[in-house]
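First the structure, then my questions, so here it is.
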C-alpha cells in the first residue's frame, strides 16, 4: 500500500499527477490511499506529529509518500526512511523526523538519483513518486541512494503540547499521546480548562472536553458542537496539562 | 464494490484509516468507491433519504459502509442490512431505515462480534470496515451476527418533503421522489413557488425551477446560478407541493 | 488509465456514480484517477486550457473523461477525440478544443449511441462513462460513433493571456506556455508587475513573482503567501507580458 500525506490539496491538480507517476512504475494491485492532502504547508512540526500518530494505523510494509515541501528546488535533501518496518519517502525538512526519533529500528538514505526531467517545483511527482513506487514493488533501489546516519532536519520526538490538526468536525488534535496523561488531569487551552470524557455522548451537549482519540492522542472536542469554534482554537495553540483536577 | 457514505470528511484523516482496515481483509480487485463523506452528522434523516435515493445507482451485490455515528461508544447497535440484493453496514440509528422500509426483501442482523481492539470513537474503522470487507468477499460472517426482525431505529420510509442535500452547484435535493409529483405542480419553498423544467437550459438564466434529477428526486435548481443562494435554502427546509399551477 | 476532469465536486454525490458506471464496463486493473472535480462550470475556456496543459503529464493511451456540461440535455453533441495517442470523451462545447487545436494527429467522432436509460442532466454517468470504459478496454465502439472532420465548438488554441486556475495554495495559473515567454519579461496583472523567479524560495517571503510551473505554464505565485489574495486575482483576469523588464 502507498499512502499519500501531502499539502497538495484534495481537490486540486496535483494529486492525480503524483498518482500517474506512481502508476507508471507500480506493480498492478498495489493500492494507493489518500491519507491527507490538507497538511499545513508552512509549519512542518504539526504535520510531523500528526503523521507519527497516524502511521500506526497502517500495516508493516506500507510506503508513505509524505510531501510538504516549501523549500522544493533548494538544497534540502530528498530522503528515504525505514522505521520499524514501514517506509517513508519525502524531503529532509523535519516532516519524517518525529517518526524517526520514536522508532526502535531506523535506517535512512539520501536520494542521489535525479530523474531525466525534474521540475523545479514538483518533486512529489518527479522524484518522490518513482522512488515510492520502486520501494512498494519490493526492491529498494540502493544504486539511487546513499545511506546516512540520521535525518538532517529533526524535530524533538517528545510529545508536542500544541494543537496539531483541526478536523472537519471542529475537533482539535494535540501532539500529546493520551497514554502519558492521567484521566483525572485537565487540559488548559486559551484560558479554558477541559475535563476528560470517554466518548462524545458522555459530555453535555455543546460543552467541551478532552478524550483519547482513535489514534491515541489527546483530542479536544465538544458533544454535537465544534470545539474549534467554541474555544477559538487554531493549529499551533499551546495546551497545558493540569495534573490534578482542582474543582 | 464497497461504497463509502460517511461524515468523515473528504479531506481529513479518517477515510484512509477506513480504507486501510478494508484492505487488510478485502480480496484484491474489489473497488472501493467514495460516495459522500460530507453527510451532515447531527441530523440523520436527510442522510437516510439521500442514501435511499443514491443506492439505486449501484449494482446488486454492492456493500455500502454507511457511517454517520454521533452516538458511537454508547449502546446503539451495529447492524448489517440486506435489502433487495444490496448490503448495508452501519450503526442502527435510522441511517439505513429508509432503505429498509422501502425494500421488497430485507434481512437484518445485529453485530455481536467485537474486534480485539475497539476504539471508543471510530467504529467505522474498527468494527464496520472488517464486516463490510468480509461481506464483499462473499461470505456473510454469520458467527459474528444475530438475526433481528427489523432495525431498531426507524424513520418513516415515505417521501420526505424537505431539502435533504445542498450540492456544490447550489442545487437543493429534496426527499420527494419525482415520480410521485405531477409535472404541472409547483414546489413552494421559503415563500417562493417554482415551476417544472426538464433541463437547466430550458429555464431562463438565473431563475429557479424544479426538475426530476438524475437519481429520481425533486430537485430545486437555477440555470447558471445557485438556487441555494438565490432562495436562501438550508438542508431541512420544508417544501410543499402545490398540485395545480395556479398562475 | 481513466482520468476524470469534471465540475462534479470532489465531495459530492456525482463522482461515485460515474465510477460505478465505469466499473460496470471496465476491465479489472484499469486505474481511475481523479484529476480535478472543481473545474469552473460556467466558463469553459479556462478549463479547456487547463486540461490541455495537464494532459501532457499522462501517458499515451490514457482516456480522459472530461465533463463540464452546462448545456446537458440540449442539442450539443457528445464527442470522442483522439489526439496524439490519448483519448478524450465529453461534450462538444469547446472543453476539448484546445487539445484538438494543438495536437499533431487528431481524429474525432460524434456519439450516435444512446443508452437505454439516459437522464436529462447527468450524461457524465449515463453516456460518457460507458464510452470511456469501452475505449479504455481497448476497443473503440465504432458502431456507436460517427466520424466527424473536426469538433463543432472550438476555442482558439493559441496561448490564453488570462488566469485559468487558482490553486489551493493561492497560486494563479495562466493559459500562457512559459516556453513562449522570456525569463527577462515581466507579467502585469491587476496593475502589478511581476518578475521571474526560478523557485519559490528564491523570491522574498511574501512577495509575488512569476515562474514556469511544473506543467509548463506561466504561474503567478508568492513565497509563503497567496498571490491570489495578495493581488486580488480571479480566474479570467487578463495578464500582459512586458517583454523587457524596464526597471
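We call the chains A, B and C, going by the order they appear; numbering starts again at 1 in every chain.
One rule holds in what follows: a residue touches a chain if its C-beta (ideal position, glycine included) is under 8 Å from a C-beta of that chain, and two chains touch if they have at least 3 such contacts.
Model, not experiment: these values are computed from the prediction.
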item: Intersection of the contact lists for chain A and chain B; value: C
item: Same or different contact residues where chain C meets its copy chain B, judged by the half mark; value: different
item: Cα-centroid distance, chain B relative to chain C, in whole angstrom; value: 31
item: Overlap residues in chain C, where contacts from two or more other chains coincide; value: 9-11, 29
item: Contact set on chain A toward chain C in their complex; value: 7, 9-17, 19-20, 23-24, 28-29, 41-42, 70-74, 119-122, 125-126
item: For the chain B and chain C complex, residues of the former touching the latter; value: 1, 3, 9-11, 29, 31, 33-38, 50, 54, 57-59, 62, 165, 167-169, 198-202, 211-215, 224
